[in-house]
Amino acid sequence: MSTRMSSKVSSDQWDGALHSPIRAVADVVSNGDEGLSSRRLRLRVPDFPGFAPGQFAMLSPGSLPAAPRTDPLLPRPMAIYRSFEIAGGAEVEILYKVTGRGTALLAEALPGQQVSIVGPLGRAFPPPEPRERVLIVAGGTGIASVFDLAAQIDSSHQPTVLLGARTAGDLMAVDDFESLGIEVQIATDDGSRGTHAQVTGLLSEALESAAPTRVYTCGPTPMMHRCAQICAQAQVPCVAALENHMACGFGVCLGCAAPLVRGGYALVCRDGPAFDAASIDWEGLP
Amino acid sequence: MSSAGVDTTVDLAGIPLRNPVLTASGTFGYGTEFSPFLDLRRIGGFVAKSLTLEPRIGNPPPRIAEAPSAMLNAISLENVGVDEFIRTKLPAIPDGVTVIASAFETEIDRYAEVCARLSGVPRIAGLEINASCPHVKSGGIEFGQDPAVLARLVASARRATTGPLLVKLSPNVTHIAEMARVCEGEGADGVSLINAVQALEIDTSTRRPVLANGLGGLSGPAIRPIALRMVWQAAQAISIPICGIGGIGSAEDAIKFLLAGATAVQVGTANYLHPAIAGEISDGMAAYAENHGYARLADLIGALEFPAR
Amino acid sequence: MSSAGVDTTVDLAGIPLRNPVLTASGTFGYGTEFSPFLDLRRIGGFVAKSLTLEPRIGNPPPRIAEAPSAMLNAISLENVGVDEFIRTKLPAIPDGVTVIASAFETEIDRYAEVCARLSGVPRIAGLEINASCPHVKSGGIEFGQDPAVLARLVASARRATTGPLLVKLSPNVTHIAEMARVCEGEGADGVSLINAVQALEIDTSTRRPVLANGLGGLSGPAIRPIALRMVWQAAQAISIPICGIGGIGSAEDAIKFLLAGATAVQVGTANYLHPAIAGEISDGMAAYAENHGYARLADLIGALEFPAR
Amino acid sequence: MSTRMSSKVSSDQWDGALHSPIRAVADVVSNGDEGLSSRRLRLRVPDFPGFAPGQFAMLSPGSLPAAPRTDPLLPRPMAIYRSFEIAGGAEVEILYKVTGRGTALLAEALPGQQVSIVGPLGRAFPPPEPRERVLIVAGGTGIASVFDLAAQIDSSHQPTVLLGARTAGDLMAVDDFESLGIEVQIATDDGSRGTHAQVTGLLSEALESAAPTRVYTCGPTPMMHRCAQICAQAQVPCVAALENHMACGFGVCLGCAAPLVRGGYALVCRDGPAFDAASIDWEGLP
């Protein structure tokens, strides 16, 4: 699948073409406060080959200014939120929260400055089976990881997005999801927006319908773990996109290992980030 | 020969290299992972992930963490095993790419067996034995931390292979020069240094180490001045070639290692930040030589003017 | 007692400290230099610049350089000498400030003489002997790099003073735990670790070391994970108190050292960046204890939950 | 001497009052490109006690943003160019060139951000003797170090400023000096502005007059060394402000040692930065 505006691709298409990753020096087009707690970064990436939903990129905000810094050192993994084709490449959008030093440095990258990017990395979300209804459950920064999935899924799958956060202020991208014209349900821990509940409560309710369903989830580990349990009980397939710490993003540092139920480890960056939730040893995740 | 007219070739312990830039074991996978980013024929070659006799799955996560200008890792022994490497990984590497295989184990005879299996395999230009592994029989201290144990390891590896043999030294020692001399004495063709520095990082919210393993290895720019010191000290003590490793992220960094006495260098952690960096370092080294009037990069080896004592 | 109601006092090797934050030798002058910035009674105390028998002028410049998240120094022995310290520096220090004097020399009997002169001086709460100096008679290796030499040094210093005696260890060793045990065995009351890590930085334009001395000592955040590892290793081996040093720049950093087993800490390079940082670290440590439900900072000492092996 | 607008103090006054240094978190008021190669930083420094000509401050640009960095680590010494009293402190001006990583990071400090400052540090320039004519010879970033000296010197000293640079583009602060109403002579190595000569050539010419003269100099070591030689030959007192590398700025790291003719070292930050040029072992300086 190539870089696109918002044209939908049929779900069985996105897994087909793998986009060979590139490393590029990207110009910052914009990097604005989105209100709530998130920021939207737009990068002009030369030769960007496109991406499939679920893929991510590694961003190094500190390595390119006139005063290159080695602290913070490691690049930060970020889902590719969406991209727009332009001559000679693409504008790539990242939706992120400032949660530490690397993302704070990213927030300082102003138009006119540059950010090093490596991507797209990882595998796409596996597409749903033809007649499956799709439920997308996301929380925290995981919300950014599922936006393109929501955007790509054919309406025949009746996609519903369940977004969770501690408070209304912690949510991100709600308007974008709503503008896709798909159903969005919100739960907050403090009731400041949507249902006063955990998002996994919404999931349980949604699974009461008997229709064959597939769940996709991305967010804090406890949330995904709970989704996996609920789906296992309901005998519904669940795909979870993990957010392990990463150093390289393309399978060489072996740092992002996720323990598997059958023993051994998968590499989140290479074998994921999306996995069959039933295959993950959730207790063994950090 | 680089296009600049500088002779960039070096001979590392009997391994002829197009240029002095290798990539370090454990930071470059089995080579093919980098093909989207870098034509491996642009660099001197690469050292593959260290191999054990059997495939190993490694440590539980978290395996990595960040530290000031550095990262910590405790990947442990995770690798596909020596046989699988020879069967599936090696054939996937493009022709013309110089491959150095790395061996590590927990006992001396197992090290020797890994070396024996890698020995004489056509695509492998040389072996590097990673002496930074804890030796089961010495109560967990690293092979490279005890001169007597190191001597036995090197002697045994030497018997197991006739090809070029590099020994990769642990930096967690009092006298790196002594360790380098042991390697030279036992017939190693060269030494590589340094491996990651043993370190600990703690999470004050959980009051536990950040790595599941507890201790880990510190790598990246933070350790470069330590590595440079050790390369210089080793270079004063031995006459076999040295491969310099530790925090190299630019051509200038690499030049420093040559000046300190290294014949070639290995780029490690920097590969994660910029997967084509080793190629840029190669080009930049040739440019440095040209700008400073050196016809051969090899003329920079050991050219440091150290103040008289 | 801090205002927060947390008991911040600790006993470091017989030296009662208001709180666990000291400042490190060579980074805090003779104490008064910081008076414009920090009331020294806010911190546990300070370790004065290391003293030799005679005044010394130190190395030619450049003596300092920057490295990734670190600095390098080769100040060498520059100090006013032990007698001048006692005569003019000590009386200038405000009452109520805990002063630890530091001794270093190039031979064992000279160390002992420095210790003897500092011993029993009323304003001095304890002595720290800096074992990272090159020993002239051992061909320039550091006192702290050879267990036998270290044992003689500590035994001799022990005889020279009856007061609290800390030994400051060199990190440039294979087995820090062994060195710590030697100190304990020879009667030291505590150990301080780590001193700067031996390192080299090179200027590729001059092809000379950046420091006039050639080698230097690496300090600052870059060495913190190494220091933390060594403190933890020493804490597993000895039961005398440990003073943790290396790259501490925040209360969180200091807490990590306590968790790893240190009774107190010393702030070094960070004093240059922010001359009141030690006071902020003291306050922050009390706040951490309070936020995490510890009534005494001392309860954090060694509280690290290390994964089972 | 307290913080001031531009009121001159009589030269024997500035040495009297020593300003106890402070460490402060300063708001960036402005940080603009000055044209040529220099930048002007203005900081709002609470409780700034004022300064005397020749004093400097240590600036840490990377330590205070949301993402504190430890690389580059050390603070950078910068002359205090001038200051303006405001309620509760002063606005302090720094004129600087981007020559490496620390100054490049400083150039990124935008209004709204903060910079840690320690100062004023060091000693003031020794004032001239009553009837001495004053020649100020400066080059490179040393030009910034002598501006307040030029501003403070009484016109009875007939101050003349000789500025040198490789090219016109490397000069800084020329307009400021000219607006002081004192004589400014310029020499550039390539003749692109002023005399086609080295600034030390202007000095030799100026010393041909027999009037009792005092020379102040700050700039690259070879330039100051040459000034010292010329002055020694002409038997004219020369005060040189050294620019050694520094870690602390207040006499505790012992890093900034300058070798003395009589043996031993002076600390540039504590005993200087200004020294009698004849006391310095110029060959021993880095």
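Should a chain be cited, it is by its letter among A, B, C and D, assigned in written order, with residues numbered from 1 in that chain.
Following the convention adopted for this analysis, a residue touches a chain if its C-beta (ideal position, glycine included) is under 8 Å from a C-beta of that chain, and two chains touch if they have at least 3 such contacts.
All values derive from a computational prediction rather than experimental measurement.
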{"item": "Shared chain contacts [chain A and chain C, defined touch]", "value": "B, D"}
{"item": "Contacts common to chain A and chain B (chain labels)", "value": "C, D"}
{"item": "Inter-centroid spacing, chain C versus chain B (mean Cα positions, whole Å)", "value": "33"}
{"item": "Whole-Å separation of chain centres (CA-atom averages), chain A against chain D", "value": "52"}
{"item": "Mean-CA-position distance for chain D and chain B (Å)", "value": "47"}
{"item": "Gap in Å, rounded to a whole number, between the CA centres of chain D and chain C", "value": "35"}
{"item": "Residue list for chain A, restricted to those that touch at least two other chains", "value": "70-72"}
{"item": "Touching two or more other chains - residue numbers and ranges from chain C", "value": "68-70, 212, 220-222"}
{"item": "Topology of the chain contact graph, where touching chains are joined (line, ring, star, complete, other)", "value": "complete"}
{"item": "Of all residues in chain B, those that touch chain D in their complex", "value": "68-69, 221"}
{"item": "Chain B residues within the chain A interface of the complex", "value": "26-29, 33-34, 36-37, 57-66, 68-71, 73, 75, 78, 212, 220-222, 249, 269, 271-276"}
{"item": "Partner chain B, residues of chain A touching it in the complex", "value": "20-23, 60, 63, 70-75, 116, 118, 244-259, 263-265, 284-286"}
{"item": "Residues of chain D defined as touching chain B within the complex", "value": "70-71"}
{"item": "Of chain D, residues touching chain A in the complex", "value": "62, 65-72, 98, 100-105, 107-108"}
